[in-house]
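Same chain, two partners: chain A is paired with chain B first, then with chain C.
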Partner chain A sequence: MKWTKRVVKHVIEGLFTLSGGVTSLAILLIVVFLFKEGTGLFSSPVLERGYTLCVNAANPVECLDARQIKQLFDGEITEWQEVGGKEGEIVLFRFEEVFSLYGEEELGEEYALLPRRLEEIVAKTPGIIAFLPDEYLPAGEEIVKRLVAGNISPAQFFGGGEWQPTAGPAPRFGVLPLILGTLWVSLFAIFLALVPGLGVAVYLAELADDRTRQWLKPMIELLAGIPSVVYGFFGLVVLVPLIQRVFDLPVGESALAGSVVLAIMALPTIITIAEDAMRGAPRALREASLALGATHWQTIYRVVIPCASSGITAAAVLGIGRAVGETMAVLMVTGNAAVMPRSLFEPVRTIPATIAAELGEAPAGGTHYQALFLLGCILFAITLVINLSAEVIATRKQGKGLGV
Partner chain B sequence: MNKKVKQAVAFTFFRLLGLLVVGILCWILGFIVYNGIGVINWEFLSSSPEEGMSAGGVFPAIVGTLWLIAGSIAVAFPVGVMSGIYIHEYLGNRWIVRVIRVMTNNLGGIPSIVFGLFGMALFVQAFGFGDSILAGAFTLGLLILPLIIRTTEEALKAIPDSYRAGSYALGAGKLETIFRVLLPVAMPNIITGLILSVGRVSGETAPILFTVAAYFLPKLPNGVFDQVMALPYHLYVIATSGTDIEASRPMAYGTALVLIIIVLLMNLLAAASRVYLGKKVKMD
Partner chain C sequence: MIETKNVDFYYAGFHALKDISIRMESRTVTALIGPSGCGKSTFLRLFNRMNDLIDDTRVSGECLIDGEDIYHKSVAVDELRKRVGMVFQKPNPFPKSIFENVAYGLRVNDVRDKSFIACRVEASLRAAALWEEVKDKLRKSAFALSGGQQQRLCIARALAVSPSVLLMDEPASALDPISTSKIEELIADLKRDYTIVIVTHNMQQAARVSDKTGFFMMGELVEFGDTRMIFSDPLKEQTRNYVTGRFG
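Right after this comes the complex of A and B.
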């Protein structure tokens, strides 16, 4: 009997030990999976997968980068000389055009003759650049030359100002507008929430009697408990039309709407943490201040608030963290235009909203999919830095702001 | 200005801010309740969406959310409680505790959409669960794990060491002390945390977007490998992308109200359990 008991004891304690490491394991797995998928982006071709750019074999151009390809297909570059070729006009050719040049019979059964026809077209036009699916690529390199397009580089990704993940022939993955959009909306939200949040924290920590606190605290907890999709819905049907009317905008979905919703959502975080910090102010300091003849209010802003300054900073930082990661509410009210934020009254798009809106349409393992995972990595990194710094700030020596 | 006047001005300002926050809460709750109360009746709660989700009810979404709650609790509760016990009762105060605590806090701070991405990569694809209750439950389980670990730790921390010493003095081993003395005393607080995490799970949308939620699926799930509808995702769908957004507004108000009621109920339950179970343990 004794040894079974001992085995059971060891098994249970083993389970405890395993469980103790579960959060660390989860974080490790999250990092591994996000980065594995995300960094795959940098070994992905610039072009849409399964397609190749071809030119006439007589053309000396060997490779093009993503920006050149885009400008070329947008009609901003029209001369081969501009991309290092010979003199001559660029003739754009998209794969679909072949169907208007040749009838069904000429393409043969099951498009068997299609590669041959494409070859003819390329041979006929010296200045051509053709965007063709690999499936129907003409064989041989004597007449049709394949261009090397290269891979997506980190510089393009982190420094790029355009996010057009479904643009052809070369999708654009530039995260700057998304990062700036996220920071823009979140920082303004904290700007809105900070004064009311700290004010309520002062009220709760210093002024309210027990009975008031007893019903105010649960209300703030409730504010934190309301699902973000409900906030988003409320923003969509109340705030968005309100903002549109008050500021006379063409659309109410804007950075401002996102900031207001996020400010409301960040309030409970800020209030709770700042209140805890203010309560932590040593009683001796408080009484010393009162004994010197300071009023209650003077004591609050000369002693309690400086004393709680690290906790208050941590509250603001964690509020930003909450706002940066918020997905559904922002997705529903900001209008989601992937452009550089210029004002509060225009639609913007944040990183989480981008992931939520686009992941469903991105084929698993594709370039777009990898780009969204890399966005997830960025978001993860941002919130990690925010959480760690909040922790460092909060554990800083209390009373530093007083110079004690 | 006199310092007394200054104080009066400042304090009035803070009182007004307090009122402002209460006002915002009442505005949101009042708006949803006012618009949604007329929609909710037995039929709304017990039938499937009809006519492009502009009529009918939310029954499949309620069932789906219940599945997800049960699943994620089944995943997170045992692991979370054991983890809390290990951290507080076995590790004591070593440096490793700080590392684990930092990790737990960070896991709690990760945005929910990142959990969604991770759940999709690991559970849906690497483990091959597909879009299923199982994948969703694991993803949501990870999301609430830090909350459960933290409440367990706090609950154990609140128990005076004399309980432990008393138990050892009577000849009980460590495990017996944990299961017979510490857990029963800590349970009310742990259950409070559990109830709050139920509220959290029922409202989360981002983690289930790509792991379990179905756009429209009137049939109920047969097992853990099925997709389900869920209330928060259903609200998102009918608020933003239904076939006829104006016509489905009443449905959206109703769904939002159901969500709010669940959250309210969970908060009330948590408060009640704090009071009721707390008393019961003391009497024993």
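Right after this comes the complex of A and C.
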């Protein structure tokens, strides 16, 4: 009897330890996977994989960066001088054009003669820049010089202001507008949610009678359980047209719409945590205040709120955390233009929305795919910082915010 | 002067105080003794209406301070509490500076005059026999004080709003003997200016500090009279058993 009990105890303890270990391991694996997929980006070339930029061997230009390549192919740079070459007009040549210049016969069987034809083209056009697949690249460097495009640099990635992951021949992965868009929408959401959230928390913790609290509290908690796509739907159908009409905008999908939806979504978090913090204000201090002739309101703002200040701050920070990671609702109402956020009334794009919208179209293992994973890493880092700071604030010694 | 006439008190269905009539003169110390749960704390909290904070309570009968029924509709509870100060069982200073603790009652009273506040704070700390110990660290947190000092700070805090009555709910039960004796000396001093009602578990303390003693049991005031008489020659058998330690 005695030993069976002991065995059962050990087995149960073992199971608990195991489940804890498995959970930690799973989390660790996810993080490792995220970073492994993401950091591969910085060893990828700026150009689309499998392609090379070539110029005439007489051209002194040796390398171009992603920005120059894009401007070049967009027609914003038309002279070689502008990128450090000799005088002369830039002639763009895309691989597909070869099929309109040469007939099937001239290209040979299974395109065996294609490299030679390409060589001819480059040789007779001194100002050419050709975007060619490695497969058909002319051999030898005497006539056709290959340009060094370099790898995608962290500076370009984190500091870049343009997110054009499918642009050819050199996609742009500047995540700054996405990071700023995320923070912009989230912070304004908290700004919107904080005052009503704290108001409801004060009401629930201090003013509401038991019966009101009994139905109001579950209602608020229910708000946290509504799927985010439903919030997004609500935002799209109700908020977006409303904002468009009220502010007289060309489109209602804007940062403001995202912020309002996120504010509603963050409310339950803020209310619940702030209310708990206020309830946690010591009864003895409350009584001391009242016994000195302070009114209920004076007690609330002189004792209860200062005592709960760290909990209230934690509530706000966790609310931001919830907003930063939110995907679906934001995707549906913010308009998703990857531009630097300038006002609340313009479309913005957030990190989670970008990942959700683009991962399906990005070929696995490609640079776009890696860039999206790296975005995931950034999001992970942001929410980690937010959660850690919430933890630090919440465990800070009580009453520190009282202005002693 | 504090007076109750046929006061009954109920927590929801529980009859906590039964038909209590008592009369406490101004500038005296009245001790309330009795076993735990006898209703003495509830009785004490009648006088600054702290019981109002508990839901589902009911009071009947008359409760008079200086002839005024404090449960009358026209009485503002926060005004009443300025006249009837309270010191709690455990020292409960605010997480603020020593100065701000004492000034709290003035600030919630909309007193803005800084020199007046400083003056009252000093006077209150002197009255609570704490001034000499804290005069150089008024801006320090109240938590830096010892338990006994914190309790005297709480007394000073109560005195700052110039009450006429001071209610003390086992003010020394969380303190060491030296701090306790300081509080007792203080009570003897304060008696000159305030009407003091003190709840205590400590029979010797009641005997040392009070002029009159009331013995409570099961929500009833069993006996009320001169302290000396209660402890030497009580009228009731129950009182004798309790004060001699044969019960409770």
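Here is the rule we use: the second predicted complex is superposed on the first by the 381 of 404 C-alpha atoms of A that agree within 3 Å, B and C clash if a C-alpha of one lies under 4 Å from a C-alpha of the other, contacts with A are read in each partner's own complex, and residues count from 1 in each chain.
We adopt the following convention: contacts are C-beta pairs under 8 Å (C-beta built on N, C-alpha and C of every residue); 3 or more make two chains touch, one makes a residue touch a chain.
All values derive from a computational prediction rather than experimental measurement.
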Which superposed partner A:L290 touches (first chain B, second chain C, both, neither): second
First, second, both or neither for A:V202, with chain B first and chain C second: first
Chain touching more of chain A, residue-wise (chain B, chain C): B
Partner chain in contact with A:Q298 - chain B first, chain C second, else both or neither: both
Chain B versus chain C as contact partner of A:G50, first or second or both or neither: neither
Touched partner set for A:P154, first chain B, second chain C, both or neither: neither
Chain B and chain C footprints on chain A, overlapping residues: 295, 298
Chain B-touching residues of chain A, taken from the complex the two chains share: 9, 12-13, 15-24, 26-27, 29-30, 33-34, 37, 195-196, 199-200, 202-204, 207-208, 216, 218-223, 225-234, 236-238, 264, 267, 271, 295-298, 300-301, 318, 321, 324-328, 332, 352, 355-356, 359-360, 364, 372-373, 376, 379-380, 383-384, 386-388, 391
In the complex with chain C, residue positions of chain A that touch it: 209-210, 282, 284-285, 287-295, 298, 302-303, 306-307, 398-399, 402-404
Contact set on chain B toward chain A in their complex: 3-4, 6-7, 10-11, 13-15, 17-18, 20-22, 24-25, 28, 31-32, 79-80, 82-83, 85-87, 90-91, 99-100, 102-107, 109-114, 116-118, 120-122, 125-126, 142, 145-146, 149, 173, 175, 196, 199-200, 202-206, 209-210, 232-233, 235-236, 239-240, 249, 252, 256, 259-260, 263-264, 266-267, 271
Residues of chain C touching chain A in the complex: 48, 50, 53, 55, 78-82, 85-86, 88, 90, 92-97, 100, 104-105, 107-109, 139, 141, 154, 157-158, 161
